[in-house]
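Each chain carries a letter (A, B, C and D) given by its place in the written order, and its residues are counted from 1.
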Amino acid sequence: MAWPNKNKDMLYRRVGNSGLHVSAIGLGGWLTFGGHVDNEVTFACMKQAYDCGVNFFDTAESYANGQSEIVMGEAIRRFGWKRSDLVISTKLNWGMANGEILINNHGLSRKHIVEGTRASLERLQLEYVDIIYAHRPDRLTPMEETVRAFNHVIDKGWAFYWGTSEWSADEISEACGIAKQLGLVGPIVEQPLYNLLDRRKVEGEFQRLYTRCGIGLTTFSPLKMGLLSGKYNDATTEPPAGSRFSESQDRFANQVRRDWEKDEWSGVIQKVIKLKALADRLGFKLSQLALAWCLKNENVSAVITGASRPEQIVDNVQSLKLLPKLTPEILAEIDELLENKPALDPARQD
Amino acid sequence: MAWPNKNKDMLYRRVGNSGLHVSAIGLGGWLTFGGHVDNEVTFACMKQAYDCGVNFFDTAESYANGQSEIVMGEAIRRFGWKRSDLVISTKLNWGMANGEILINNHGLSRKHIVEGTRASLERLQLEYVDIIYAHRPDRLTPMEETVRAFNHVIDKGWAFYWGTSEWSADEISEACGIAKQLGLVGPIVEQPLYNLLDRRKVEGEFQRLYTRCGIGLTTFSPLKMGLLSGKYNDATTEPPAGSRFSESQDRFANQVRRDWEKDEWSGVIQKVIKLKALADRLGFKLSQLALAWCLKNENVSAVITGASRPEQIVDNVQSLKLLPKLTPEILAEIDELLENKPALDPARQD
Amino acid sequence: MAWPNKNKDMLYRRVGNSGLHVSAIGLGGWLTFGGHVDNEVTFACMKQAYDCGVNFFDTAESYANGQSEIVMGEAIRRFGWKRSDLVISTKLNWGMANGEILINNHGLSRKHIVEGTRASLERLQLEYVDIIYAHRPDRLTPMEETVRAFNHVIDKGWAFYWGTSEWSADEISEACGIAKQLGLVGPIVEQPLYNLLDRRKVEGEFQRLYTRCGIGLTTFSPLKMGLLSGKYNDATTEPPAGSRFSESQDRFANQVRRDWEKDEWSGVIQKVIKLKALADRLGFKLSQLALAWCLKNENVSAVITGASRPEQIVDNVQSLKLLPKLTPEILAEIDELLENKPALDPARQD
Amino acid sequence: MAWPNKNKDMLYRRVGNSGLHVSAIGLGGWLTFGGHVDNEVTFACMKQAYDCGVNFFDTAESYANGQSEIVMGEAIRRFGWKRSDLVISTKLNWGMANGEILINNHGLSRKHIVEGTRASLERLQLEYVDIIYAHRPDRLTPMEETVRAFNHVIDKGWAFYWGTSEWSADEISEACGIAKQLGLVGPIVEQPLYNLLDRRKVEGEFQRLYTRCGIGLTTFSPLKMGLLSGKYNDATTEPPAGSRFSESQDRFANQVRRDWEKDEWSGVIQKVIKLKALADRLGFKLSQLALAWCLKNENVSAVITGASRPEQIVDNVQSLKLLPKLTPEILAEIDELLENKPALDPARQD
């Protein structure tokens, strides 16, 4: 499949069992666009991505208190990109669209899904997004209410598809079942955290969802907040002071870090050092290995990357050239090195 | 959960088994807003309520012949409140929106539900309400027509949820069953009369609905037309002349009074006098005891209060501070004093 | 419709909105057959009933610890009655089939409905009953399980129809809704207590069920444990010692009595004395008035009567001759005398 | 609720959201009945259990290659127990009913579910079981085929309910959704491994299933193959030679052990030693503490225990007396000691 600017390097993949195609490398606005990155730099990053064949731009009502959506929408208008060439996604729930969590402005109630979608479209200055995600599960609202509300959003033409983010396997399974029972549209995609160091959910807990529910993945945090870029490889004993691993800066960082025990740092760094050596051997950067490795998982439709400089995007897209070099032997070597490959459930399967 | 003005005293509760949250104290426009209360006073009351953290404002097409909706909508615009912060409800049926009951301008036909909803939104100058209630059952219209019509209203985006008011348990059960059968949205809430002196329906007849149908309650008449404010406590032998209890002024008053026999007045006043003594002992007003007592029932999402002066609202919200003092022992004392606690049905249950 | 022995006096009515017809006077085995009445007398009573055109014989697993079913089945075989001429009903739940309530031998679980039906058929020595009733609601077992289990019983050919007994209106409404949703058979009949002194449930709470759910009634306790035979009319101040009204002999008596306050006895007896005078004026016995009055309610398919002597049955059947004399004027006179006619719900109806 | 022999000590609980009641202590035939335990001893154990009020007897087609079912059925006939007093369950899949796994004699295909159920009933010499479990998931057979096949078994009258064993949360959720979509009966119960040392699945992964799907639990391995009886407390450094922990005797043992790393043994034994001290303080055996602790989880309907001597059963039933002593404070002490309490998912919940 071609792209307006004829970039031949980009890969495009179907999102789960839907007809929608996204670039294997997506660009996300988490903590950067509208936040600590200057607007002009954001525009440059988005332009670079587009020029590299990226069609998938991901944001959320909560990113930078809504500013991420505003800046992303501005970029689309500024460059005069054709709407149909783009896949734009945003996310509801996990609040902060208004700077703080208020009574009904978060969660997955019908009220917030409708009001939140409209507010996001207003900020984006778009008529519709391609995918709207439930940014987190809401265990108070009945699943049926949530499934119906996302279908209302689709019926209104405000989104083409809906998905989930950081849901559990049984919740995705429940949502799909309710959609089927009611003759409604189920989620087509889940957006989980996934990287070389965090494999349990995507390869373990979710293992039965892909074929059973037709769910695809757009994954985030491929570099685990920079850890898999190798930039902490000198800090072999503890997280360097001032890094996101040493201080509790935000809820997001806490979550990414949540599975770690205190003494694990040095063990993790040893593994990252070995991965770096492997990347060197293959002639790529460690960050490129980290991205390409995610895409070797056929259930991953796109890896969502962040960027605060346009050059990073070029680098990220180059990682696709590493894909053919990640042979079964190399992947097995990585599994052995990491010792974190989830066991497939042993019950009767082919 | 926070509220724009940071009021810490208010409680917010889920409405039945839905994702919508309302303030435990709601403000209703029955007989006051647009009616005997001056518009400026209405505005002051609504502002006071909002400042106290009230997010739930309830009206009906029939209140003050539609004037209640008009005034309430005007207040929302005047104060520039954000729509998503508010939960606005109105009600259809029980007529009088146009000053008198005409052939098709009441009831729960598809025609009136659609036309009535649109007329209410026009008066409110809103795009949608959060909850639309069937103000009374309609025993002529087939339930399926009514359930389908409310779903049409929701599909159109004119309301997020629908509920019932003063329906019987078997009617609510029938509506839920039809919604389930047809894959439609059932009612999430019933609005019954409920107070210390009227417990049979909420605690008796409805006892099986809460878990079986996921129905929540927004209750009205917590003070029984002022009787539970103690203002009639000197009239120990008969209702004072000129009061709403001595004259049949309106259908509403007749209904609230309907369960009483002629000689009951003095017995009731004796109980109210005892309740007053209990409230004194707890250091609260009788009216505050009456409100807080309703909220000790976990099936009550909100108590809808009236107000003709802003100070009443402050008083009402203060009643939430009484909740922790209503211990099981105090509640048992009230039950003994009132002798009106409905028996739980004796059939096999845990 | 004719009856094998050409009795012309009996009336036959459809059971609710089904195709089944029962004699307006049914014969029940509660506390008599298999219990304090000698088997030979039971046989004589059943023969007398059959000869009078009674086709409807009602029993329950719990009557006389299962003996009622055994004796009733024996009578059917002894007289060689044709199975298709008879309508036989039994009931499950409310235990005591085995002399006491054990873990799973009561309630409305699938287990007990299946096992209980088979045990009843075994005792009756029948292949099937015409109607199987849920003798009481079971608020632990999900309604769906119960509806499915009764359908299983019908699918197996062990019963033609199912019904309820002493359920609330909302439970019957729920059962009908679930049956409709699942494409299953709903209950066709409810068996409530109903007599001149106990009208609230049948005429009030149930008022919407008859047309909405197609439910018919087979009523029990038409004489309120003898009170409406006039036999206590001399005891004007308190229940006579040794009567079922003075002593708590059994759960059944307690239930029939449950709505009474202590001082009510004399007021009730005064009403019964007036009813007796009315019956005299009409040239019938008070007990006949009590039966005929129940049958003036068009929702009543049959009144289930008890008998410990064959003559009582002749008397009971004679009460049908009183029906034409119960004119609207006489019924209004009875309503005025009793002061217990439930108000029809005032909401919009024709 | 009573039990034929009037045992007052036993507790009976509903199985999930069904109407079926089981004794809180169940007796299972895994590895014992029909296996290494002599038949006469099995009979004595079953008699002892029955005499203690146990009504729940659990077996499986695979236990002792089918011999467990044969011996259990023989015991029921030998003692002349009434079928309706008992709750008998068996399980399909995980093969070995015929001594080895053959092409179609395992799994959850329609073929094996039907053929396997009939073979089990033949071995048990029963007309039906109360619950039939899917002993393990089958990831080759489509879930719809499995759900339909278990419904066929129920429609045929071969079982009253069906359940799962060692399924994942998303599989149970999928099964429930398919049942709902197709108007069929879903599983009512899951049979997982659960004990003081293995809490992740029951308290973590399953946390949303109980209310959403109405699933109850009958748990196995409460003593973790004897480890929680304290019998290995002297082996502080490594599993004693010859124990089930040192040798891979069977698949079952491997599974129970599966979560352990090599060096964990001594840490585990230290915890067990502390638990023993706590049990001593409470005046009970450690094994009794282990059983009672499982039952403090309100989602557990029954703990399935094994026995090779009748005295063990008396001991196990005595553990119920410990329940009131397991106060919130004691449970918190246990949590602190074990450090294995799964975190509740942090997403929006009350």
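Following the convention adopted for this analysis, contacts are C-beta pairs under 8 Å (C-beta built on N, C-alpha and C of every residue); 3 or more make two chains touch, one makes a residue touch a chain.
Owing to the predicted nature of the structure, the values given are computational and were not obtained by experimental measurement.
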Inset, instruction - Show which chains lie in contact with chain A and also with chain C. - result: B, D
Inset, instruction - Quick one: compare the interface residues of chain C with those of chain D and tell me same or different, with half as the dividing line. - result: different
Legend entry - Cα-centroid distance, chain B relative to chain D, in whole angstrom: 48
Legend entry - Chain centre separation (chain C, chain D; CA means) in Å: 45
Legend entry - Separation of mean Cα positions, chain D and chain A [Å, integer]: 40
Inset, instruction - Would you give the residues of chain D that are in contact with at least 2 other chains, written as numbers and ranges? - result: none
Inset, instruction - Based on the touch definition given at the start, go ahead and assign the chain network to line, ring, star, complete or other. - result: ring
Inset, instruction - Mind listing each pair of touching chains for me? - result: A-B, A-D, B-C, C-D
Inset, instruction - Please give the residue numbers of chain C that touch chain D in the complex, ascending. - result: 100-105, 107-112, 114-116, 119, 138, 140-142, 145-146, 148, 152, 155-156, 181-183
Legend entry - In the complex, chain D residues that touch chain C: 1-4, 12, 14, 17-21, 23, 55, 83-85, 87, 130, 155, 157, 160-161, 183, 185, 214
Legend entry - Footprint of chain C on chain B - complex, ascending: 93, 106-107, 136-140, 143, 166, 168-174, 176-178, 180-181, 205, 208-209, 212, 345, 347-350
